[in-house]
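For reference, the structures are reproduced in the following blocks.
In the two complexes that follow, chain A is the common piece, with chain B as its partner first and chain C second.
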Partner chain A sequence: MNIPLNHLCPEIIMIVAACIVALLGAAKSDSVRRSAQWISLISLILAFIAGWRIGTVDAGPAWPLASFCTYDTLLASGVGILLVLLSWDMPFALDPAKSDQTFRGEYFAMMLVSLAGVSMMAKVDNLIWLFIALELVSIPTYIMVATGRGNPAAQEAGIKYFFLGSLSAAIYLFGFSYLYGFCGSTDFSKIAGAFAGSSQVPYVAIIGLLMVIIGIAYKIAAVPLHYYAPDVYQGTATPVTAFLSFAPKAAGFIALILVFNLTGWKLSHGAARAVPDLLMVMAVLSMTIGNVLALLQRNIKRMLAYSSISHSGYMLVGLAVGPLLLSHSTTNGISAMLFYLGAYSIMTVGAFAVLVYLQGKLDAAEDLDDIAGIASEHPLAAACMAVCMLSLIGMPFTVGFLGKLFIVQAAFSSGHGVLAVIVMINAAIAAAYYLSIITSMYLRDPWTPFSVRRPGTIQFSAAIAAALVILLGLFPSVLMSMSQYSGSEVTKMVAMDHSHGAALIKTASTLSADKNVEMRLAVRAH
Partner chain B sequence: MVNVLTTALATSHIEFYSGWALLGILFLIGLAFGIGNVVLSHTLGPARKGLVKDSTYESGVDPLGSTRERFNVRFYLVAMIFLVFDVEVLFIIPWLYVFNNQRHPWVVLPLGALFASILIFTLILLVAYVYAWGKGVFQWD
Partner chain C sequence: MTQSHLILPMMLAIPLIGAALIFMIKPGSTGQRGRSLGILAFCCALIPSLMGIILLTRFNYARGGVWQQQFFYPWLPQFHVNFSFGVDAISLWLLMLTLLVTPAAILDAVGKIQHRQNEFFAWMLVSYACMIGVFISHDVLLFYLFFEFSLIPTFFILGIWGHSERRKAAIKFFLYAFAGSVLLLASLIYLAFVHQEKFGTFSFALSDLIKAGQSLSSAQQGMVFLGLLIGFAIKVPLFPVHTWMPLAITESPTPGSVMIALVKLGAYGLLRFAIPMLPLAAMRFTPWLAVLCVVSILYGGLISWVQRDMKKLIAYSVLSHLGLCILALLALTMTGLTGCVLVMISSGLLAAAMLMVMGMIYRRYRTRNLLEISGLARRLPVLGFFAVFFFMGTAALPGLIGFVSEIISLVGTYVSGSAGHGGSLGPAYAIPAALGMILGALYMLYWVAHVIFGPLVETTPDTDTAHESHGHTVAHDLSLREWFVLSPLALAVLFIGLYPAPVLQSLQPAIGKIRHEVLAAVQSNTASSMALKTSANSGNHLAGAVRNAGMLAVAAPVTGGSNVTAALRLPVRLAR
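Up next, the complex of A and B:
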């Protein structure tokens, strides 16, 4: 990696903390191992602060992707804080007498390593590094899925996830080898130079790109590699499900952006047209299949797995229409996609936090029956769940609405009206099953006696997520400007003024209204 | 000693083969290591007899019979610890080559940073080792 070492500070903090937590996991006494959560939490907060500080320091032209990397780091560490809070008493011991034999240290160490991989993803500048970062995200999740809870379903999920994950890694590594064959280097700048130098993208590079997309489709759970998602999401413990719906997805989308960044985004002519076409087909199928199959589910985790597939579809729309627009930055598909990624992470983690809080038959609430009528006994949890569900639908005044709005806007203004209409139809289909969760909570009578999980942090993380969903829905300027700067930086459409470019977060956080941001961007574009 | 030998060989009439002298020395060292270990363990080690001890791969798996048997999981754990050192060697040898050859185009770091990087690498591997130790991987009972 060709960036100064101090810019890797957040990742270093996470990895060092992971080593300490893993060593504590080997300790004999449970009280020592209980410090694992605290160390993880503190290290992620430190990583967040470090990422924020690096983002506000001007890096200049030496670091052209400064705000993209900062956005990634802040996303990984920020959502990571919520994930640590909601998995506070992980791994669940089904037999309370054996609670001292859990893999607590290992669980949090794996989580930190995986988050460090997500955070490192945007900073890679070499195909080898890209592969290492993707595997750094994936390999710990294989372990987390299997050790998350001690029942056969989790073991089955672990085996499924591991073998299919290895298969997908082989596919995108094969794709990387084609890209290497195309230009004779794994270095990003050399590959980008080779793409820029060729008037017609050669077939070998197109094959490579297609294989990379298909391999990474597994990480983001997009059709056609979505089959594992419902089984794995259902089989493993709910906090791990929350983690799976964030970490591999964020890493996969950022990897895809980086790979397309190599091509110089000139894939709309000739045979290279196959790449955006494939993305569009995948987007439509992911949205539709995810939403239609989610309608049939009664298990909420399974339902949210299909919902995760469909949300990948929405984000793929942003990626497919990508930077086809040269004029205005709000309609840049990549910016819209990055905004959606942040929004989706927060709202889905909030929904899972509520499920973890409501202890069901196994370890967390799973069925629609498990949450029937909880609104009377646990109004706060029900309200958090309802807010997250409304945001997942895309109701106004939530962050999910803005996410869908930007995606649709990008699709429309790049001339893909059909895609935009499909997104809106799917949002309407999705409303049916999200609303069935809300009706189950508010309108039905309790079916089973409730018990809730003890640690207050779980409730706390659900409340933070729900509050963020509403706050970012009403005051989106921070998330918006970060995703816009990142998107325009990656697509190189707005000529970034480097003397101010990296200090974007400082300016963004002081801007009060969205109008201001748009005006500034418009001014800068000229 | 190696230098003395090679110069001695180089000045002798079998000059043509002098390049192979190192290979011959390696072969002799290998032979001595193998024979030495067998002899030493025979003379110094405790002598126990028994059905299991006399079989091939003592204390390991049954050499005859079905291959589709389940192995004790401890074999895998030890194999993975072996991998820790394997990876260590795999990285340290190229590192040594670069460290010892400062005009090599791969050298992008100053000497101190190069040394610090391998120390950090070894430290991370040490964490893995200490973790395995703490988990009781080396206890065979």
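Up next, the complex of A and C:
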């Protein structure tokens, strides 16, 4: 990777912490083993701060994707903090009968490695690195899924997730090989140069791109590789489900952006049109299938799995219209998608945190009946869940509303009114099942007696997520400017490669100067 | 914008702050705590109402078409979305309606809510704030935000404190309204995007969206109008998509149903946004919509005629009145538009008052069934008086607000389409509508005759609202609090009924402005399309001129009758 080592600081912190946690987790003394969560939490906070510091240093034209990388790092470490908090007593859940003996730190080590992969994703500049980053995200999740819970369902989920995951890795690796065949190099700048040099994108490259998209569709749980999601989400332990709904998805979308970045976003004519067309078809199918099937579920984890499929569809809309549009600076599909990614991560992790907090028939609440009437006994947990659900619906004054607003606006701006209307219709369908969760919590009488988990951190993470959902819904400027700079950076860098040189570099540097001012202001305000 | 007035944002903020405070207070097990929570909520609701009086004195009625008392604060500068508040005459009067009725509804609920009182009053205040926000928003996205957000408090009020079918009603209410409003949002975003394409900035300001909408071709306007229409028609509600409303009003606790019946968001949206933004489409859809309105009027009237459930009866009468409201709006005459706004006010006022009277009867007898109680005037003379008063108002007794609003709307519809008045409806729509209103009078009279003046029949009164007398339990007549709840509404009904002139006059500039926007757009479009047609096809010009004359008659009165002849001469001259 061709960037200064200090810019990799957040990833280094995470990996080092992962090694320490893995070692300490094997220690004999119980109290030493129990330090795992704290080390993970502190390392993620440090990584967040480091990422923030790096983002405020003006790297100039030497590092054209600075905002994009910063956004990725902040997202990975920020959401990572919430994830660590909500899986605080995860190792106990492995075997409740003899929890004191079975506490092992490996769960947190896996988590940190995977988050480091997410954080590194935006910084890669080579197909090989891209593959390594993707696998760095995925392989720990295979282990987490299989060991997260000691029942056969988790084993089945683990096997399913592992085999299908390997298959998808094979598919996108095959796609990478076509891209290599197209230009003879795995280096991003060479590939971008080859795309820029060819007036007509050749078929070999198009096939490569299509296979990469299909392979990565598995990571983001988009149709047609979505089949595993409901079973795996339901089968594994809830904290792992929360992790799955964030890490592979974020990594997959960032990888897709990077791959499109190679093509120079000029796929709107000729045979290359197949690529955005495929994305649009995937977007429409993911949204519709996800939402319609979610309507039929009574298991909340399964419902949220389908919801995660549908939200991938919304984000794919942003990605699909992104390449087709460079004329309006404020309405960029990529910016909209990145905003949505941040928004979605927060609200879905918040929802899972509430599920982890509430004790259900299994280790966490899963069924609609498990949460019936919790509003009277656990008002805070219910309120957090309600806020996250309303945000997933897209109600005003939540971050989810703004996410939908930007996606729809980007779709209209690029002339895809039909896509925009499909997004809105899907939002209406989705309201029905999110509402059934709220209905169950607030309008029903308690069904089963429920207890909650003791670590306060679980509820704390739910509360943070809910607060962020509202705060970012009311004052979105931080998330909005970060996603906007990232989006415009990604789409502008390409233009820079093809020789409108100076003017654009200037724009980029003013952009990053603006960003510095703004970020510093934000820091000062805090 | 010369200066920023704080009165409107403060009106919005006070109920919200109050809601947050009340939400945090534990309700406690005693009724006393719930009662004091209710009084606190009432005070929070009363402060904006008092500020409303200040607003009334500050408002410049001569310039009622201009947004006044403006407040501006940028929210999402990248997208030109701003906290931009202001009132013109139309929103002023609708705001006043909200400010008058909501505190009364909250006062009516004090001490009557059995559980989770803190949440109840907090949601009431949030709902109140949303209603205020809707009417004072000058930015269309902001309007949408409040419009949409108002679903949440109503959902909870309906779902937690409602009657037996509350859950079904709440879900149906939410899903209907939400499904409509997402298409509404899509249409608004599209218009904002059109503004960016044609005028350079992405903007949700009302005037910008009107400009953007009017710049579209007739076919494009049709698509966008359909999106807006679905959202607003569900909210109004109009005939085929009305089914959520009777259910929601019936199942809701009294204050909740008052909030649902009070607010005419759909009609307001059509008047303020859909019609001025997309006048060509509106003209094209007018006959279809007007038929739906007439169906709503007749259908609502017929159904309420056979209703045995008192709340359902009111719900369907609201449906019927709103049909008239939209019909008068579509008439596009000055009289009709004035009537439309007046029906919004009168229907809101009367429906709210009647629902509260029903609530008071229900509180005493625990029944809403017409057949189980009658002759209440003997037992509860004061409550009977108020009931008769409000029902007569709804049945359009001259001298009360119902009469004024209905007669103006009907006249406005009747003259629409005739020379010098603009619009395209006419007697064919006005006469069935008038029949519907007669139906309304019929069922109201039937109700009054039976429940108030029939032979005395009552169920066992609820002990909370009754006392022992000669060995019988006898329901109380109105308590002091209920006097305070009903009398302001009664005064408003009587005052506007007797002396509607100030309201009517102050509405004229605002309505004239909307009407001018619509008719000018239609006129310019007709003129240009006619010019095209006649120049391309000069041999056939006479037929073209005759065909278009009809359209022009619609458009002409905007600049006075004399232009009709001038406009008629235009194509002939072009053809030569």
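As a working rule, the second predicted complex is superposed on the first by the 482 of 526 C-alpha atoms of A that agree within 3 Å, B and C clash if a C-alpha of one lies under 4 Å from a C-alpha of the other, contacts with A are read in each partner's own complex, and residues count from 1 in each chain.
Simple rule for what comes next: contacts are C-beta pairs under 8 Å (C-beta built on N, C-alpha and C of every residue); 3 or more make two chains touch, one makes a residue touch a chain.
Keep in mind the model is a prediction, meaning the values are calculated, not measured.
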(message) Taking the superposition on A as described, I'd like to know which of chain B and chain C A:397 touches: first, second, both or neither.
(response) second
(message) Going by the contact rule set out at the top, does A:23 touch chain B (first), chain C (second), both, or neither?
(response) first
(message) After the superposition on A, what does A:427 contact: first (chain B), second (chain C), both or neither?
(response) second
(request) State whether A:484 touches chain B only (first), chain C only (second), both chains, or neither. (result) second
(message) Going by the contact rule stated at the top, is it chain B or chain C that touches a larger number of residues on chain A?
(response) C
(message) Taking the touch rule as given, give the residues of chain B at its contact with chain A in the complex, in rising order.
(response) 124, 127, 130-131, 133-135
(request) Show which residues of chain A lie in contact with chain B when the two form their complex. (result) 19, 22-23, 25-27
(request) Report the residues of chain C in contact with chain A in the complex, numbered from low to high. (result) 76, 78-79, 116, 144-146, 148-149, 151-152, 155-156, 159-160, 166-167, 170-171, 174-175, 178-179, 182-183, 185-186, 189-190, 192-193, 196, 202, 227
(request) Name, in rising order, each residue of chain A that touches chain C in their complex. (result) 328, 330-331, 376, 390, 393-397, 401-402, 405, 408-409, 412-413, 417, 420-421, 423-425, 427-428, 431-432, 435-436, 439, 442-444, 476-477, 480-481, 484
